[in-house]
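Labels for the chains are A, B, C and D, by order of writing; each one numbers its residues from 1.
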């Protein structure tokens, strides 16, 4: 098995392109999405992306604010208690982003179908609602019978819906720990990351920690994403900031509000990108941008004890540099 | 007794939960009402979040989201969305739940997706135009609407929110009323109550149109009718909802540590 | 949450009955099935069982040999390298047990569908084969179009099969560790135990170890079966014997062959039941029946290190007795 | 050189694997052939078992089953059947695999379910009677047959096993030949070879009927025809399969620690 560690710049350069279908996260708005990967997508100016989002997060909010999202299939487009996602909301209301609505359970089911090689999944979810009848992709037909067409259960005769399975071209998935081959451990709910890692054609991992493979051999039942479905691994501390990574850091409430406020306008978005996207290139510089004091504060989480069993296998920055072979 | 309208609403919602139920809560008001019920009168209620977080209680304040560390610090199990929303909720297994609504209609259909300029709603014009205001989408509320044995809708009682027909059905209630849910094969039973800051509406057993069941000491039948956008029927037995007991208030405030419900 | 610890005798008395639909294991033939629970079913004389078996194991082999299995839906009816399952084979060839064939992936998919509340799952598996065309339940129709009826994918027009979902009345699932509330940790592949625990209407857990709930709070991502889907917990060491429980004991090769040899005949089956089913009533007596030396030998497994992180939470027999409240 | 027929068969099977392939093996002969290939010429082959056991190699001898502790002692990941058989195999993701057969026919259909008294097979009498001999069922071989990009069938070459038509199709090959797989929408490509203790058969690119491609130094075209229950076509380029090289034998025997293949 080969060493798959690459830099964030390399990962975005190799695994993203204009017009791609990109799935992210498999996480909730305040949960473990690959926000750092999104920042780099914005920096490299990826455009016209078809997003497969379980939920919106600050990552998709940022990319949409920057005008990079052509289309998005999503279960929840807000930021939970942080309110509406202003960047995305602006893009949708102006018609820049076409938003196709599903539900929080619907997207994981569609990814499950894609992972299984099924062309569709049967569903009662979204059925009998405007999530089935209204389609932003086919706006001129209402009620629409093609987005979630009817299918008859051959055993009971009940008519239910069929949802199209999803096989995104690329997914970036945040995990707590990965080894250099791509074996991954997630702490906290895995939300839809398991099925996403199998449904996507290419998978890039963004990890809080790089750990030795011995950690995986001690806890193989925790390795829900095995190396064989992973194409690249990026080490990026605080990669979910300003949201939280269970066990590692809490969400930055102040920055969540601040970021969302700036994304409300085009000028604010430019300002945000200058300050928090273009202002660094290495993980070390990224931590400086957040600020040492803030990082230390956020990394004191009531969930820290969850990482304790694995600490002895965590690689130091110096060890990781060596594993990166001078990249 | 001194309490806020929001506290009354949370307590009235909490009273809809019985001991031993399997329940799912969202963040915010819904979670407060649920944890209040558990503390007050339903100690054996089993609650989880749609994040696949089991056995936990909030630590350090109300969570900002259902995957927030504040709800993950003392969990006994973390699984995933397919498990929580698919296998436990959409499947028909959950007994009771709470969802919110930006707009709601007389058959308990909920809109949390978008508000359209009057006359441009998809169901009126037969096409999908851009909403004037994009809301947040259904999240896991659609799963609850489809699968929960019953559930409660919480909403602020205003005329523009209580519409004859919602602009967009994000989470189906009784759709066009009567037996309409049967047509779709839903495992769940549909909404059992709409609890607002003014009172409680319940569905007619046959037509499934929501009628006024009860009001609060600080509201009235007239006020509720005025603030409802459809021709609201009133139960012949319409009654006043008992005020919070001291014990209820004490338990609610123990859950609402930061006093978020007292503010208004 | 209530203490769900009960004795094996109570579990079988409360959760099994003649004519029931019983699912077991979610395990492979040499893997973690609830063999001890099957022994008690045989002792209590449960009859006419409709088995939902992912694979046959020594448990279903024994119950079938004893004449307790009316019908079985299964993906694999053998014992892997240990050969044919003689007790089951005899019951099938004599017509005592109706065996309805699926595949190893098909049964988990059907349990998944049952857990999701879907009436069916789409399938290419079993499709275009005699697993679809031949039905032991409806022997007079061949080719059969009702066992796995055709369904058309509304998106591509492809015709595929629909498999009926499964919701067994009761499942017994073996796990490595459980707490008294039914939170469970499995070591080794979970095979189809996750979806089985959600698809079954009642779930009884058979555990090698009882651990404190603090163990679950330290490793919540390992708790793939949470308390809320569990009805009862039975503590039964060596409960998978003569097959293996990853981390705890290896399979007893000698007894695997010996048991299977006896189950080949009715007389042998009676002998086996006398010696290895009716000869004990407590876990302690059961270990005596296996023999201390043999137990010690089997419990020296190359997989033992997998249990190390959890040892400090394992309850002693004395503590468990107390938790059982004198049962 | 001194080697057994089973060793030749395992090596011939192993040669069908290329470096870098994602492969799934069963227990026994299949696993030996696979691990031999990995050691001998396909170091970057990624192998797993249908048990959802990843990254492991056998410890303490060949496993008795795919969930045996002997294959679980040094895994990097344990998942489940839906993942291994559904998401990786049936979905069409696996490159190559090996399955066994108790009975096989000219279109590569495999029977591992039962042997019927001649004339009572379901497809002959239009009903399902009891098999004379109950076999083990398909296990995960059906998933491989449906989903693997290609796969190899290993079988003992005997006339009664190599039938015009199998009693029961447990794992579909090319069904009735030609394009027949297309009718069923299978993601996988079908069997690429039947490797026996006498030689190798391959499917005709158009008719999908298996013909004799090659034989071993210790077998012959005639012997193979005699031991095949259908009118076996022989390739005009039929050739002898090269004997094992010293390196191949060394690598096979390193994998077959207990010498199980040498015994016969």
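Keep this in mind: a residue touches a chain if its C-beta (ideal position, glycine included) is under 8 Å from a C-beta of that chain, and two chains touch if they have at least 3 such contacts.
Just so you know, these numbers come straight off a predicted model, no measurement behind them.
A.B. asks: Once the contact rule is applied, which chains count as partners of both chain B and chain C?
C.D. replies: Intersection of chain B and chain C contact lists gives A.
A.B. asks: If you tally the C-beta contacts, which comes out ahead, A-D or C-D?
C.D. replies: Counting C-beta pairs in contact for A-D and C-D gives the edge to C-D.
A.B. asks: Measuring from the mean C-alpha position of chain A to the mean C-alpha position of chain C, what distance in angstrom results?
C.D. replies: 37
A.B. asks: Centroid of chain A to centroid of chain D, CA atoms only: how many Å?
C.D. replies: 40
A.B. asks: Report the inter-centroid distance (CA atoms only) between chain B and chain D in whole Å.
C.D. replies: Going by mean C-alpha positions, chain B sits 56 Å from chain D.
A.B. asks: From the mean C-alpha coordinate of chain C to that of chain D, what's the distance rounded to whole Å?
C.D. replies: 28
A.B. asks: Touching two or more other chains, which residues of chain B qualify?
C.D. replies: 78-79, 82, 86, 90, 147, 187
A.B. asks: Would you pick out the residues of chain C that each touch at least 2 other chains?
C.D. replies: Touching at least two other chains: 109, 116-117, 124, 158, 160, 187-188, 190, 194-195, 220-221.
A.B. asks: In graph terms, with chains as vertices and touches as edges, which category applies: line, ring, star, complete, or other?
C.D. replies: Topology of touching chains reads as other, fitting no named class.
A.B. asks: By the touch definition up top, name every chain pair that qualifies.
C.D. replies: Chain-chain contacts present: A-B, A-C, A-D, B-C, C-D.
A.B. asks: Okay, in this complex, where on chain B does chain A touch?
C.D. replies: Per the stated touch rule, the residues are 27-28, 50-53, 59-60, 62-70, 72-73, 78-82, 84-86, 89-90, 113, 122-123, 125-143, 145-147, 168-172, 175, 180-181, 183-187.
A.B. asks: Which residues, counting only chain A, touch chain D once they are in their complex?
C.D. replies: Residue positions touching the partner: 1-2, 115-117, 183, 194-195, 198, 213, 216-217, 220-221, 223-228.
A.B. asks: For the complex, which residues does chain A have touching chain B?
C.D. replies: These residues of chain A touch chain B: 27-32, 54-55, 74-82, 84, 88-89, 92-93, 95, 99, 101, 103-106, 108-109, 112, 124-131, 133-136, 138-144, 153, 158-160, 187-195, 244, 246, 250-251, 253, 256, 301-303.
A.B. asks: Under the stated contact criterion, what part of chain B meets chain C in this complex?
C.D. replies: So the residues of chain B in touch with chain C come to 22, 44, 46, 48, 54-55, 74-79, 82-83, 86-88, 90-93, 147, 187.
A.B. asks: Quick check: in the complex, which residue numbers of chain A touch chain C?
C.D. replies: Residue list for chain A touching chain C: 109, 116-124, 149-151, 153-156, 158, 160, 162, 164, 185-188, 190, 218-222, 305-306, 308-309.
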